[in-house]
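The next block holds one structure in the form of structure tokens; read it before the comments.
Letters A, B and C name the chains as they come in the text, with residue numbers starting at 1 for each one.
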Amino acid sequence: MSDERDVQQVLARYVRATDCRNSAAMSALFARDGWVEICYHQAGILMPIAVARGAQAIGQAADDVMRAPPTRGWTHHTTHDPIIEVMSDSATIDVQFIVFESRSDLIPATGWSHGASGTQGTVRPVDAGYYRAVLRRFDGVWKIASLRIIHDLPVALPARSIA
Amino acid sequence: MSDERDVQQVLARYVRATDCRNSAAMSALFARDGWVEICYHQAGILMPIAVARGAQAIGQAADDVMRAPPTRGWTHHTTHDPIIEVMSDSATIDVQFIVFESRSDLIPATGWSHGASGTQGTVRPVDAGYYRAVLRRFDGVWKIASLRIIHDLPVALPARSIA
Amino acid sequence: MSDERDVQQVLARYVRATDCRNSAAMSALFARDGWVEICYHQAGILMPIAVARGAQAIGQAADDVMRAPPTRGWTHHTTHDPIIEVMSDSATIDVQFIVFESRSDLIPATGWSHGASGTQGTVRPVDAGYYRAVLRRFDGVWKIASLRIIHDLPVALPARSIA
């Protein structure tokens, strides 16, 4: 597998860990001293919102900030149009992200009505922006050294927040 | 071309065949004894909805289950964040999917109104989930051996359904 | 880096240039005699809407046709499921595209209300279709020789338009 695909798959596993709310899987993707910074991109200026430092703290912070999955639903953090540069054991990746929330309709006890067809529920985009990450290769395994999450939209963090 | 990209392009052709309602193109992507299983992911439990077995039956089933394209519109089955593993002549791919429906506004006989600008119509996401596939290489060509379509949302199938 | 990834990254830079309204960055991605054709895909027939010829004119045209970014917002032109064929110094790429617009809520002077949580604003898909491009390699650098933008939806162009 090419280095570029390896790097891209680290990010693919990052969004899986996010959507599964799997702290342990998320921590495992980061370098021991890795960090995540959450920013809001207001009219060309990056406003920092929160930072988490250290692989373990990042997994824990994810638990704290991420909203619970919607009732009868799921989230999908999707990434697009990666620009990847690999230089020996270091790499950068820049992707767009869009987050979707899906919510199932309640399945009626008597089954779907006569005219019902296709999926029953709603899917809507709720977030967008860019992930910009630096990765480093340790013993042949790519880990995220830093991840800047740049939101198009301002973020209201819950009181129990990361710092 | 790398094996991983080859595998990814089989899935890219799968979504094209789906969006074009092209049964023959879809059948051609599957191993002769391939199968497709449609599931609904309800709160952590995969509930099977339907299965189609055999490349030809899969193309036919697609014809039967897929709703007609929306009036003056199209569907886009899009996939994201592939995780691909290739082992010799066998491979797995796991992607997120989001389905969009676009519908054109009617072009007024007198042309667009003075203030109209940009695209005229609507685009909305209608479905989401995961595709998980196993591929096998036959004489140098990757074919889908099995495809599990995992819907976030429950699915009401039409009476003329696959079994 | 593989030729296929190189080609894909040209398109990744194209959508970045589009979303940044960066005419110079966009011109730089095209062959000197490159062209862009905008079409509307009406019920199986491609109706040409506009053409721009020459790398410089394409950058300028982009300035003219692209709507300003939404107030307190951004656009994301995202691409999906690339089918790429490379033949020596020539390549084709076919991708689906979905365009999203995000708009921030105004941050209240007194801060978010007690119950606010997560991103504050809206994200919605506004456009969809296919990009089909031919690229040529000049002195080791892939450039877009032609790009056909196939819209699912009809497009009302502003009076100051490309021809």
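Methods note: a residue touches a chain if its C-beta (ideal position, glycine included) is under 8 Å from a C-beta of that chain, and two chains touch if they have at least 3 such contacts.
For clarity, every value in this text was computed on a predicted model and none was experimentally measured.
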Discussion item. Do subunit A and subunit B, two copies of one chain sequence, contact each other through the same residue numbers, with over half in common, or through different ones?
Written reply: different
Worksheet item: How many degrees of rotation carry the C-alpha atoms of subunit B onto those of subunit C, rounded to the nearest 5?
Response: 120
Worksheet entry | Centre distance in Å when subunit A and subunit B are each reduced to the mean of their C-alpha atoms | 24
Item to complete: Could you tell me which residues belong to subunit C and also touch two or more other chains?
Response: 2, 80, 125
Fill in: Residues of subunit B that touch subunit C when the two form their complex
1-2, 5, 9, 11-13, 15-16, 72-74, 76, 78-80, 100, 102-105, 107, 112, 116-121, 123-125
Response to the item:
Listed in rising order, the residues of subunit B that touch subunit A in the complex are 2, 4, 41-43, 67, 80-84, 86, 96, 98-99, 125-129, 151-158
